[in-house]
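So, here's a batch of structures to check.
Note that chain A is present in both complexes that follow, paired respectively with chain B and with chain C.
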Partner chain A sequence: MGDVPVELRRAERLVSTVTTGAEATGAEATGATATGATATPATQARRAPAPARRRRPLTPGRAAVGLGMLVLAIFIFGPLLWLMLWAFAGVWHYPSLLPQSWSLSWWREIFHYPQLVRSVGLSFTFAPIVTLVSAVVCLPAAYAIARFPVPGRRTLLVVLFASNAFPKIGLYITIAGLFYALHLMGTFFGVVLIQLLGTVVFMTWIPAASFASIPRALEDAARDVGASRLRVFFTVTLPLAAPGIFVAMVLAFLASFDEAQGTFLVGVPNYITMPVQMYSLVSDYPPQAAAVFAVLLSIPSVALMLLVRKHVLGGALARGFELR
Partner chain B sequence: MKTAIQRGWYFLAASPPVVLVAVFIGFPIAVTVIYTLGHLGGANSAISSIALHQVSSNGRFATFGAYREVLTSHSFLADLVATVWVTAVSVAVVLLLAWLVALYGRLSDTRLARLLTSFAVVPLFIPVVIGSYAILQFWSYGGLVKTLAHAVGLPGFPALGYTLGGVVLAEVWVSLPFAVLMIGSGLRSIPDSAFDAARDAGASVARATWTVLLPMNLVPTIIASSFTGISILGSFTVPYLVGPTAPNLLGPDAAQTFQSFNEPQQAEVIAMVIFALAIVVAVPYLWATYRSNSGAPSAS
Partner chain C sequence: MDGLVIEHLNKTLGNRLVVDDLSLRVAPGDLVCLLGPSGCGKTTTLRMIGGFLQSDSGTITINGVDVTTLPPERRPTAMVFQNYALWPHMTVFKNVAYGLRLRKLARPVVEERVVAMLGLVNLVEKRDRHPSELSGGEQQRVALARALVLEPDLLLLDEPLSNLDAKLRVGVREEIREIQQRLQIATVFVTHDQDEALTISDRIAVMSGGRIEQYDDADGLYRLPQTSFVASFIGSMSTVPGRVVDAGLLLGACPVPVACPALAAAPEIERGVEWSVGIRPEDVRVDTGGSPTATVVKEVPHGHFKELLLRLDGDDTTVIRAYVGTEHPPTGRVAISLARALLYRDGHLAHEVAPARPVVAALSAR
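Right, the complex of A and B next:
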């Protein structure tokens, strides 16, 4: 029960609230966001197995925890919300706490620049391709490293790790020379390759840890009752490792979606993706334009986050980084 | 029991990512090393044909001329100090915050505690360009922090945009999720009984944390600090957008040396310095993982 995400349970309760009595929804939402210590009798009754909550006295310790949480929430979300405000701001001069006038003009404006529109399309083309290629290259290796006595497997993992420690900028300068020689500069494949490099480490490590954490006895049991190796893999192993694979694929998608430095070096001028475009927006356009673009660029990230949050918090990511 | 052919197949199955890394990361690193030592031909001929101001070994085994030039430059040394300082402070703050969040999540299994953990993980999913830009706007002159300070009568409150302090804030923001996940996952794997036993014997929460949870969760903490340190040392986007013109971190310094001054050899020397620092930071990580694995024989 402890691993069921808060949002999910809240959503379930919200659904039941909506279906049984819409008037309680408001109270429910405020109850959840305020402190969680109060709840209306209506919601209390519906939350049958939950123990009755009582208001605990406000001690200095609890006050400190509350204050700390507030500060952390502002630290994390403040900048993002501030950017959201900019996306809808018309005129906004310091030191006004809110924009002096509101406007949607940049939301229309942004789609009048063909280059910006094209960069959106390119980002959504590269990210799925890079994710798939990365999965094809890395997942069989992850399975092999987890399940078979691969000669020198510890060394393989450490080599992958070391490749992560070399600064990207230094790598890209030399790769530029290599790509010129291989005629990959300015090509679609070159961009896929450079983005792929940033995904290899976790696309191998995280699924490898997931495969390794599946008890052999489960697979052996399936084999004993007559299932073929392939069948065992697809009906037992793969579903159990799915959360780790899913997390790794989402991270690969986001890494590709986020990659700017290498894409800029290899892709210019043919393939300018959203994050590359973002650099020029930041310096050459008013804050509203950059804010609108930033909000657009965040939408897929936030959607994917909601999809994998449960598995990420459940430890699928953390397991991958403990070399075994 | 396993035949050589079988072992060969296993190796083959595990090799694609390794081959990819060897060709497109390992080989370039090797080429980089010999380039910084003054070998301008071969794989380096394309880059050296457009570069300015190179130091050549002229057929000798190696020259340290490019290193000497970079390592004695005042702007480089200022950037080096800034990089070490920002990395040290950011890692310390990230570890402290991550421990607080993870500890609260472990000890108080309430809805609120879980919500806090999900909050702390959000930056993992926000593109770094956007996070950096948002943080720059938020903490700069004209941002919310400065506006609030003005409203409560503190017009002298510093604007942290374009300062190294701002870089620390942004690096902490970007790095916090990974550390929270690592340390939180480690804490969850410690059985309740270990902590409860210390509490039953009369230890305070702080003391039980310090003497029981901290030593038992040392390996995840070291993993978190090594990865955080390495990513900050080599970071580009955060210091490029949020940091000052100079002194800034070595990542933007290397990029500028290459793109603005067209001195790839000097840029690669800077990259080698970052790499050397990263290796130092990685040593505790490798030690910790080897040590934690050498105890019990692996099941697989």
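Right, the complex of A and C next:
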């Protein structure tokens, strides 16, 4: 392991950036995903203080940091561990610390329940489609914001950000009225549209920062040797902005994947995705079923977060939320 | 006319007139420098030639074709950018090949031309490296190769040496000049470094405030700077107020002889008026004998020569510079005379006072 303070700082930054992302998705219905997303940095954070004790004397300051890390680790891992235990529990009654018996029966149950299987399929259909539509709509806007003196670009960015700062349910109720009028309620397109809302802020801010960080001379140079504007975009600009766009697409994917409120309002009963299914599982089934489903729901989050770890650490995400 | 012809070019950026009615001709095969301080409009002019900026008015013609309104991809120009602007996600080979591939040439042809060009800039063995793995000088050469491989009619260089360290700069500029002469390609080179401009150019356009002050070769520019701006910008020149008398000049209140026998018989130089007298330091003779007229106030070593600051008698503010050898530089009271002097009025050169060409009356543009 390298320099300890650097490692610590990276871990802290990662925790803070990922937390920002999780909060901004407004995915409070699926707490499991937020914990899943932060699992990676937490692992790093927990590892970091160990060699510090070996190399340097234990000062009160260092001890406080170590304690803080421990609390953070418990805070993040505790619920996740509890969830895992429940997913494999047969019988578990208070005040026992561990389940009295273990069972895989709820896993079997979930995989044999057609409605649940269908919701998994739907979630994995909506998320990629929403991500792609979001990219097609937002990337040109992000490029324009980064490259041209668009009037009110700053206001636009702030408004996009602010739209995520308020409780969405109010917004959705209003939108529902509009969707009824446009016959979008209960339609596939309606669900895509409502899920799109939560992805716009990532798909605009982060790629805009990536585009802006590409020196204009690189594009000029390509035009100079004969490339048209369009070709310059696809052969120079896009490849160079790829890390930022990649991070944005992952966050958009997760935002769509976790979206429950809007999908519940617009999609039910035709389109019940995994997070929406969680509602009925929590209310109608024993905790084991919900736990199994929550574990399933957090798998893509963890996998994708591991995938973009490099880019998140590389600062593409942090850069995206610097307002210029 | 062939080559680059710019006529009455204007450009306003913000509220500032950056390029002001600029006209310039670059003959085929010539290397022309746009030289001037920052903000003089030289880069703006270059970007208009390359097509990255649209001029407000005026025309740009390259080899007889009016390119004024063409976008950069349709101009026969190739530019080397100040920071090289190499594409970091492509190898050296791909950087150079990019433009050729756009022209839908067969793969072997592209390969052959890129390798030949990399050979010219000595980078064949680095073809599969990425720009980040190259030194500054190598990146510079890749940028040059990328521009030249398209065989443009006009090569544009935007301060291409400003990011190299001083030693490398001299080597690379000679290399650029050598390649440019070998390919006989018309070139416009923007720089704020007079040394760079004087050493590699066929002609130099000295710019100030969006205008060309003087367009001349290095010799003419140095020997006969047509305006006081050029005089102060190129080389070192002392400028002091003075009058013409039969024996020479009266600088301030101090009589200074000039080695110009015909001066006394040159009535076309007005006597009663005050001139702005420009004196190159190497034209000042400093003697310890004779009747002293000046005092050495400071001695600045420059390695192989020394620079003296001389305060002329008569008033305390008139100071001129002189270059002397390093052996026994004069100190204290000295007698001075001039080999040559330039007379300016209203910022423009009016007369040269020199022995070879006793009196040159108002010089017309060369």
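Going forward, the second predicted complex is superposed on the first by the 237 of 324 C-alpha atoms of A that agree within 3 Å, B and C clash if a C-alpha of one lies under 4 Å from a C-alpha of the other, contacts with A are read in each partner's own complex, and residues count from 1 in each chain.
In this section, contacts are C-beta pairs under 8 Å (C-beta built on N, C-alpha and C of every residue); 3 or more make two chains touch, one makes a residue touch a chain.
Please read all numbers here as calculations on a predicted model, not as lab measurements.
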item: Partner chain(s) touched by A:P239 [first = chain B, second = chain C, both, neither]; value: second
item: First (chain B), second (chain C), both or neither touched by A:G226; value: second
item: Partner chain(s) touched by A:F75 [first = chain B, second = chain C, both, neither]; value: first
item: Chain B versus chain C as contact partner of A:R309, first or second or both or neither; value: first
item: Partner chain in contact with A:A217 - chain B first, chain C second, else both or neither; value: second
item: Partner chain in contact with A:F166 - chain B first, chain C second, else both or neither; value: first
item: Touching partner for A:Y285 - first (chain B), second (chain C), both, neither; value: neither
item: Dominant toucher of chain A (residue count), chain B or chain C; value: B
item: Contacts of A:P95 with chain B and chain C, given as first, second, both or neither; value: first
item: On chain A, positions contacted by chain B and by chain C; value: none
item: Chain A partner contacts - residues on chain C that touch it in the complex; value: 50-52, 71-74, 77-79, 81-83, 85-89, 98-99, 102-103, 146-147, 150
item: Residues of chain A touching chain B in the complex; value: 2, 5-7, 32, 35-36, 65, 68-69, 72-73, 75-80, 82-83, 86, 94-97, 137-138, 140-141, 143-153, 156, 158-171, 173-178, 180-181, 193, 196-197, 200, 203-204, 212, 216, 254, 257-258, 260-261, 275, 278-279, 282, 287, 290-291, 294, 297-298, 301-302, 304-305, 309, 312-313, 315, 317-319, 321-324
item: Contact set on chain B toward chain A in their complex; value: 2, 7, 10-11, 13-18, 20-22, 24-29, 31-32, 35, 43-44, 46-47, 97, 100-101, 104, 109-112, 114-131, 133-135, 137-139, 141-144, 146-148, 150-151, 173, 176, 178, 181-182, 184-186, 188, 219-220, 223, 227, 230, 233-234, 236-237, 241, 250-251, 254-255, 258, 264, 267-268, 270-272, 274-275, 278-279, 282, 286, 289, 292-293, 298-300
item: Parts of chain A lying in touch with chain C, wherever the complex brings them together; value: 215, 217-218, 220-228, 231, 235-236, 239-240
